[in-house]
Amino acid sequence: MKSAITVGGATNWFVDRNIFSSADIYQQELERIFRRAWLYVGHESQIPNVGDFFLTKMGEDSMILTRDQEGKPRVMLNSCRHRGMKVCRYDEGNTKLFYCPYHAWSYGLDGRLVGLPAQKESYDASFDKSKWGLVQVAQVATFKGTIWATWDPNAPPFEEYLGGAADALRVGLGPWDAGDGEVEVISGVQKWIIPANWKIVAENCAGDTLHDISHRSVDLARIGPGEGVGRRDPFGKLYLTHHREGHGLLYEKFDIHAPREHYSSSPETAAYFQMTWKKRVERLGERAGNAPVLGNIFPSSGFHVGQPRTIVAAHPRGPNETELWRVFLVDKAAPPAVKDFLRRYYISYAGPAGMTEQDDMENWAYATEACGGTGRSLQFHYGAAMGQSHQDPLIPGNVSDQFWSEQNARQLYTRWQQFMDAKSWDDLRFEDAR
Amino acid sequence: MKSAITVGGATNWFVDRNIFSSADIYQQELERIFRRAWLYVGHESQIPNVGDFFLTKMGEDSMILTRDQEGKPRVMLNSCRHRGMKVCRYDEGNTKLFYCPYHAWSYGLDGRLVGLPAQKESYDASFDKSKWGLVQVAQVATFKGTIWATWDPNAPPFEEYLGGAADALRVGLGPWDAGDGEVEVISGVQKWIIPANWKIVAENCAGDTLHDISHRSVDLARIGPGEGVGRRDPFGKLYLTHHREGHGLLYEKFDIHAPREHYSSSPETAAYFQMTWKKRVERLGERAGNAPVLGNIFPSSGFHVGQPRTIVAAHPRGPNETELWRVFLVDKAAPPAVKDFLRRYYISYAGPAGMTEQDDMENWAYATEACGGTGRSLQFHYGAAMGQSHQDPLIPGNVSDQFWSEQNARQLYTRWQQFMDAKSWDDLRFEDAR
Amino acid sequence: MKSAITVGGATNWFVDRNIFSSADIYQQELERIFRRAWLYVGHESQIPNVGDFFLTKMGEDSMILTRDQEGKPRVMLNSCRHRGMKVCRYDEGNTKLFYCPYHAWSYGLDGRLVGLPAQKESYDASFDKSKWGLVQVAQVATFKGTIWATWDPNAPPFEEYLGGAADALRVGLGPWDAGDGEVEVISGVQKWIIPANWKIVAENCAGDTLHDISHRSVDLARIGPGEGVGRRDPFGKLYLTHHREGHGLLYEKFDIHAPREHYSSSPETAAYFQMTWKKRVERLGERAGNAPVLGNIFPSSGFHVGQPRTIVAAHPRGPNETELWRVFLVDKAAPPAVKDFLRRYYISYAGPAGMTEQDDMENWAYATEACGGTGRSLQFHYGAAMGQSHQDPLIPGNVSDQFWSEQNARQLYTRWQQFMDAKSWDDLRFEDAR
Amino acid sequence: MSTPMTGPMNGQDKLAHLLLMREIEDFLYREADLLDEREFNAWLELFSDDIRYWMPIRKNLSFKNRERDISGDHETAWFDDNRKTLQSRVNQIMTGVHWAEEPLSRVSHLISNIRIEGEYRDVEGAEILVKSHFLVHRNRMETETAFLAGRRHDTLRRVGSSFKICKRKIIIDQTTLTVKNLSFFF
Amino acid sequence: MSTPMTGPMNGQDKLAHLLLMREIEDFLYREADLLDEREFNAWLELFSDDIRYWMPIRKNLSFKNRERDISGDHETAWFDDNRKTLQSRVNQIMTGVHWAEEPLSRVSHLISNIRIEGEYRDVEGAEILVKSHFLVHRNRMETETAFLAGRRHDTLRRVGSSFKICKRKIIIDQTTLTVKNLSFFF
Amino acid sequence: MSTPMTGPMNGQDKLAHLLLMREIEDFLYREADLLDEREFNAWLELFSDDIRYWMPIRKNLSFKNRERDISGDHETAWFDDNRKTLQSRVNQIMTGVHWAEEPLSRVSHLISNIRIEGEYRDVEGAEILVKSHFLVHRNRMETETAFLAGRRHDTLRRVGSSFKICKRKIIIDQTTLTVKNLSFFF
C-alpha cells in the first residue's frame, strides 16, 4: 500500500486519517498485523490448574486459553471444526473436554478431536481425527506471568519480538519488592466496547505525554492514593523510550535516597509499599531508581506498572470500534487490605468507570469520528520533538530528550507501516536480533 | 466463481465458511438463487376469497399475494411504479384496490394501474398505463394448498422443479387421512429475525440427523404430545433422501399393522389420529408406512409433516441475518379441541418460543458467527457417510444407507454451487425432466 | 458515471432507483455535490455578536459557524488539526477560543492556531502555526439573513449560483411587509434523523405538487391557522418554476385587491398580517400578488415562505439516512403573541411532530426502502407534464403550464447528473452568468 | 415526603395522603392504557381546556449554561399544543388516512417514579404538581422501533372525583431525535 | 380508581384497598425477582394449575380492523402454555443443556403501571384483573441484547394470604420479533 | 408482603407500613430526580459516610456455577466506591472540564419494582433492605445513546425523618459493556 505516513521538514510528520476509518485497511490490519504479531492473551494466575480455561480474544476471534494435561498453556480458536459452533461458551472454568452443543464433537484440553458421534457408522477409516482438532495458534509464550500467542509460525520468539522492551515488562510485571514472589490478576476482567479505532488506544498506551492536560478534572478532583495528590502520587523525572519493534514506553528516574510517601491515604498500603520499596532498593540498588511506568507492546497490548497496575488489550472490532479488556494486578503476597485498597483505587482510575480513562475515551472516540467525512482526506500531526533522542545506560531504547514528544507514536506508525508493507516476517525481523 | 466446495477422499467434503459471511456472495445469491428459484409464498387458505391479500416475501422484497377477480393467486412486488412507496401496508385483508399513499396511483387486484391523479392534465396520450402496473413475478403455482412463485420466466414448471420431492409434498401437505379434505393454516404467521445465514437454516430443514443430540434438553424435559415421550412420538425407521434439484428430505418407514399410540396425552387428538390413521391405511395400504417427515425445498422453504406440522420460509436479510416466517397447518375438518391441542404443541416446539427450535437457533447463530474473522479462511466439514445411498421402491430419491449422514447438506451445497455458476436456467434444467 | 436518467417519449422520464440506495454513488455525492455546492449553514440572527458560535453541518461534517473579531461569519471544520478531536462541543454559545480537550491546541475565532502546549520545547522554529488553523470553507456568503458556504474555491459567487432563484429567496426571506425589518430564527433547531435518501427530501422541497393528496388527513383534521381551513389558508393560483442551476420553486399569484383573511383563528396574528400585507402592497404594488411559496436550493436546502415559514437543511448520512435540521422564522418586529401563535402553528405543521410532515416522511422512508432488493434494477417515474413550461414576466424561471407537473424534480435530477459527471465547476458554470 | 398543606398529618390525613397517591397513580396508569389501547378521544378527555402539552427541545451547552439546555417558553419545541391542536392530532389519526400512523403504531407507555412535588391541597380546583418518568416504546410496520425516555411534569387539577391534566411538560433526553417522527403521544 | 364491590368505601375499606394494592405490587415484584434470580421452580409456584400463559402475536391491519391486531384465542401465538408446558420450560432450563439458555441469560423485568381493572372482591378464590406494563431486558453471551416492551393482563386468584396467577395475557408491541428466541419469561 | 418485625399488624401498623413504603418510594424517586436534574452534591447527601456503592461485573458461567456469575466482594467490579471516591466523582463533574461529561449527559433513571426484602424495624438507625429495578437511559452529544437495565439492592438506614443509603449493590445485566463509559450514576 501507499505509505500512510508523510515526513517533511523538522516538524512535519503526518499520518493519513483514513487509516483510522477505512474498512479495507482495517481488513488488511487483521491479516497483516493481528495474524502476525504476538498478542497478550492472559495471565498464568487465571489458569493455575490443569483443565482451567479462560476465554480470550485475538483480533476479532474468540480464543480458548487453557492449561493442558502437561500443564502447558494452550491457545485455540473457539470454533468447532465441524460446523463452527463455539465449543466453549463460559468465560472461565475447569473442564476435561470442550464439548460442541451442535453435533457433539468433543475436544481435549490439547485441542485434539476426541469424540465424534457415529464415527464408526458414518466416517470412513480414512477419516483422520488428528487433523480435525481445534485450530491452534502457531506459538505460545509466557513471560513473567503473562501469556502471549501468535498465529504466525515465522514470527520470532517472543523475547526477540519484545526486543528492548523486555526489560520494562520484566521489571514492571514483577512484584514490588523485585523478588521472586508472584503477581496475580484480581479475579475478573473488565470488558467494554468503545467507538474508537484500536490504534488511537495503542498510541495512548505507548506514552502520549502531551495529553496529560486532558486529565485536569481528575487532577483537580484529587482522586489519587495519597493525601493532596492529583490523580497519582508524584513521579520522578519521566522519559519516553521506544524500540524499533514498535513498542513505546515511559520510564521514570528518581533519587532512591529521597523519601517516598506513596499511598499516604491508606496506612496499610503505604506501609506495604515502604516495606517492598526498601527490599527493592536492597535488591536493585541504583537501578531501582529507573523504573518503567507504562507502555504498549506492538500492536495493542498496553500496561501500567503502578498507578494503576493493569494490563489492557485493545481488540479491534472494525475501524470505528475497539473492545477493551482490562485486568488489574496485585502482589499475591500483599495483605488483603492492601489488595482491596488498590483494587478500589485502580477501578476508580481506569476502566469505563475510571475517572481518568473516561476522559481519554472521550478524546479517542471523537478523534476516530474525525477520520470520516472530510477527514478522510486530512492528516493527523505527529511532529512534536522530532529527532531528539539519546541512549541512556539504564533505560533501554531511544530515550527522548523532551518529555513533550510524539516519538513513541511515530515509532508505532512506522512499525505499523512496515507490517502493512511486509510480505512476511522475513521482511520484519531484525537480522542482528536472531 | 471459484467453487466453494472441496471434495477429496472418502471423508473429505468441505464448504468454505466465507460463503456464510461474504457480503459479495450474499448479493450474488439474491440474484442467482432468489431471483431464479421457486419460493414458497403462502397458502391458499390465507386468501380464500377474491380480493383477499396477504403480504409475503421473496428474497428481501415485500410481495403482495392476492386473489384476483378470476380467483387466481397473484404475486406482485409491493412497490408503487411511480416513486416506489409500498402500496400495501397491511399484513392481510381484503380490498378492491391497492392505493398508494404518496401520490395516489392505484392498482387493481391483478396489479394493473387503474388510477392516476391528473392523468388527463399531465400525462400525454402516449402514456401507456398497461406498462405501469405492479411488477409481477414470472410464474405462480399452487400445489396441495401451498402457493409458490418465481421471478424467472425460464424457470421450469413447479412440478419439474420439485422433481422427486413432489411425492413428499403431495403426501405431507395433505390431510392425515390421505383423503380429499383440506388443510389450513392456523391464522397468523410467526415472523422473527435471527442472526444466522439462511443456508444454515436450509441445511437444518433438509435433514441434519446428526444434530439430534443437540435437543437433549427437550428430550429430557419430555415436551412431546404423548405420555412419557421425549419431544415427539416415536418414529419408525428414518431415511434421508435427496434429489438432484437440491431438495433434501427425511422419511420414515414403519409397520402399518403395529399399534400407534400417538398424541396419548390428548384423548381427542389421539382419537382423531387413530381415526384418520385408519382411513389413511385403507386408502394407501402399505404405502402408508412410507411417510415423509420433513424436508427442504431448494433453496430455503422448509416443512415438517407431523410433529409439528409446519412450513417455514427462511428469507435472507444479509449474510448474517435471516427472517423466519413460520405457519402451522391443521386438517380443516379436525375438531376444535384437536386443532387447539395441536396449535399449542406446535408453538411450544417450534418458533422463537419453541423449546426445540430455540436450541437449533443457538447453534445456527454461532455457526454463522464462526464464518467471520479467522473463520473466513476455514472450511466446514460435511463428510459424514459419503457415497452411501441406494434407491428405494417407496422413497423417491437417493436414500441414505446411514441415518447419520450429511448427504442432504452435500446435495444442497452442490445445487447451490450450480445456481451460483449457472448463466441461466439453461444450465440448470435437467434434460430428462422437461 | 452512466447516466441515471432515461428519457424516452413524451411521458418517459425515469431515474434509476439505485441512486437512492447505492453506497458507492452516495460516496461520490459527498465529493461531487456536497463538497462543490453552496450549502445553507445558518442565519445571522443565530450569531448576532462577535464570538457567538453555532454548530452546523455540511454534508456529514460537523462545522463551526462563528462571528469573528471583524464581525464576519466564519465556517470551519470542527476538528482539531492535531489529532482530530472536536474543538467545539456545544450547539451554541459565545467564546474567545476554541479549545481542544485532547492536547489543548487552541484556535481563535478566525480559526487560527493560537495556542499549543510545549511549543517552544517540542516544535522546531520551522513549525508554521499559520498553516495549522482549523480547516476553512472556501467561500462564505450571506443573503437576506441566511448564511451559506461552499468547500469549492471555484464555485461561482452565491448569487450567480442562485441564478433566477435569488428573487424567491429575496422576497421569501424578508419580512412580511417587504420592508427593511429583520427576520429572525426562533431560538432552537429541530434536528432529527429519518430513514430516507436526501434526494427524496430535496425533491419534495422543490415542489412536488402531486403529493398534495397524501395530506388528506390534515386537510380533514383542519390544522390550519384559519377557521375552517384545511392545513393552510387558501393559496392563489400556484405555479411551479425551476432554474437551470437545479433549484425548484413554487409561486402563487393572486389578486391583491381581493380580501385576504389569513390567520383568522388568531386575532392578533390576523391583524398583524393585515397590517403588513397592506404595507407590502404599498411597497410592491402588483408584484405583491406574485409570491414565492416554497422551494429547494440545489442540492438540499429547502424553505417555506409562509405557512409555515421555515428553512430545512437535509444533511446526508448514508444512502438510507438523512438528518433534517429545521428552523422557523418570524418577523423580529412582530408582537410576542403573534410570534407565539406562529411558533405553535409551525411546529404543529412541520418537524417530527408536525402533522403534515409526518405523512411526508412516511412516504419518503418507504420510497427509499423500495430502492433496495429488486428495486435496484427498477426506475422511478417522473413523466408528469413534460415539456409544458413558459416564461412569466413576474415569475423567474421556467414556469409550468400544469400545476400537476414533475418538471422541478426533473430539473433537480438533471442538475444532479451534471454535478456527478462534471470534472470541476468549469463544467458546471453557465457562461452567460459570469 | 410530600405533605398536604394542612400542617402535621394526623391519622386521617395520612390515609388521605395515601389514597391520593394511589388515585394519582391509577389516573396516570389508566391514561397510559387509554393511549396504548388507542382510545384517543377518551384520552383527550383527561385534559383540561387550558392544557399546555409541551415538549421542549434539548441542547448541548457548556457546564455553566447547563440549566438552559431545555428550550424555554417561547423557543422552538417538539410539541407545544393546546386543547385544539391536541384534538387535531387525535382527529388526524381517526381519519384512517394519517399515513404515519396507518397502520397504527403499537405503543407501550411505562410510567414510573410518580411523586408529588411540593406541598399540596386536595380541594376542588386545586392543582398538584406530579412528576414522573416515562419510557415510551413504539413499534410499527415490520421492524420500526423506538425507545424514548425522559421525565414529565404534570399539573393535575382536582375536578370532582378525578383530575384534569392542565399542564404537561415532557423532558426528553435526546437532542437529535433518532426517531423519524413523533406521531404518538407522551 | 378501582374500588371493592362493597359500595362506598369507609375508612376501613380504604385501608384494605391500599393494603391490597401493596400486596399485589409486592407479589408481582417478588415474581420478577424470582425470575431475575433464576428461581424458576419457585416462580412456577405462583401460578395456578389452570394457568393460561398466553402471548398472542401482533399484526399490521388497517385502521378499521385495528382491534383485531392481537391474535385471538385459537390463532397462532408466541406462547400459549398451560401448567404442564410451563413446567417443561422450567425443566428444560434445569437440565443445564438447554443451549439457548446455557449460559443463562441475564434478565431484568421492569414492571410498572400496576392497577386493578374493574371492581373486585377480595375473598378466598375471588379473581382480580391486574394490568401492568413490562420492559424485559435480556442480555447473554457477549453482547446479545434485547429489550421487549408491552403490557400484561393478569388474573390473580386469592389463595389464603397470597395469590395464584390463573391467567396471564402478554401483549407485546413487536410484530416481527427482532430477538432470536423467547427462551425467557414475561 | 414485607412486614414489620412487631408480629401481626394491627390497623395502626398497617397504616405505618403503607406510609413507610410511600416514604421509601418518594425517597428513591427524589434521588433519581436529583441525578436527572444534575444536583449531584444534593444527591451525595443521601448517602451515609460509610456508603459502599458497588457495581460488580457479570460473567458467563456454566449452569452449575450460575450463582457465581456476579463478581464477589474482593473481585474486579465496575464501581466499588466509598464516600470519598463518590465525592471525587461529583467534584470531577463540577470542574466543568470532565470531558466525558462535558457537555453533560442527559439521563433518566426509571426506578421500579420497589419492595422491602425481609422483616424490618423502622426505628432510628435501623436498616431496611430495599430492592428495586432500574432502567438508566443516557443520551449525550448528538446521538450517543445507552440503555442499561438491572437491579439494585439498597440498604436504607433510618435517620430522623429520612434515610441514608448505606449500601448500594447494582447488578447490571451486561457482561461486556456496550457503553463507552460509566460517567453517570445508578
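Should a chain be cited, it is by its letter among A, B, C, D, E and F, assigned in written order, with residues numbered from 1 in that chain.
By definition in this document, a contact is a pair of C-beta atoms (placed from the backbone, for glycine too) under 8 Å apart; a residue touches a chain by one contact, two chains touch by 3 or more.
What you are looking at is a predicted structure, and each value in this text was computed from that prediction instead of being measured.
**Student:** Count the smallest number of chain-to-chain hops linking chain D with chain F, moving only between touching chains.
**Tutor:** Steps on the shortest route: 1.
**Student:** Look at both sides of the chain A and chain B contact and report whether the same residue positions are involved, with over half shared, or different ones.
**Tutor:** Different residues, largely: of all residue numbers at this interface, under half are found in both copies.
**Student:** If you average the CA atoms of chain A and of chain D, how many Å lie between those two points?
**Tutor:** Whole-Å distance between the two chain centres: 50.
**Student:** Where the centres are mean C-alpha positions, what is the separation of chain A from chain F, in Å?
**Tutor:** So the centroids are 34 Å from each other.
**Student:** In chain E, what residues contact two or more other chains?
**Tutor:** Counting only residues that touch two or more other chains, chain E contributes 15, 18, 60-62, 97, 99, 102-103, 110, 112, 135, 141-143, 147, 175-176, 178.
**Student:** Would you mind listing the residues of chain B that make contact with two or more other chains?
**Tutor:** Chain B, residues with two or more chain partners: 89-90, 101, 193, 214, 359, 362-363.
**Student:** Please list, in label order, each pair of chains that touches.
**Tutor:** Once each pair is checked, the touching ones are A-B, A-C, A-E, A-F, B-C, B-D, B-E, C-D, C-F, D-E, D-F, E-F.
**Student:** Give every residue of chain A touching chain C within the complex, in rising order.
**Tutor:** So the residues of chain A touching chain C come out as 9-11, 17, 200, 208, 210-211, 213-214, 359, 362-363, 366-375, 378, 380-381, 383-386, 402-405.
**Student:** Taking the touch rule as given, give the residues of chain F at its contact with chain C in the complex, in rising order.
**Tutor:** It is residues 97, 99, 102-103, 141, 143 of chain F that touch chain C.
**Student:** For chain D, which residues are in contact with chain C within the complex?
**Tutor:** For this pair, the touching residues of chain D are 55, 57, 59-62, 65, 71-72, 74-82, 85, 88-89, 91-93, 95, 97-101, 175-183.
**Student:** What part of chain A is in contact with chain E in the complex they form?
**Tutor:** Residue list for chain A touching chain E: 89-90, 101, 191, 193.
**Student:** Which bits of chain E are touching chain F when the two form their complex?
**Tutor:** 12, 15, 18-19, 22-23, 25-27, 29-30, 32-33, 36, 38, 96, 102-104, 106-112, 135, 137-143, 145, 147
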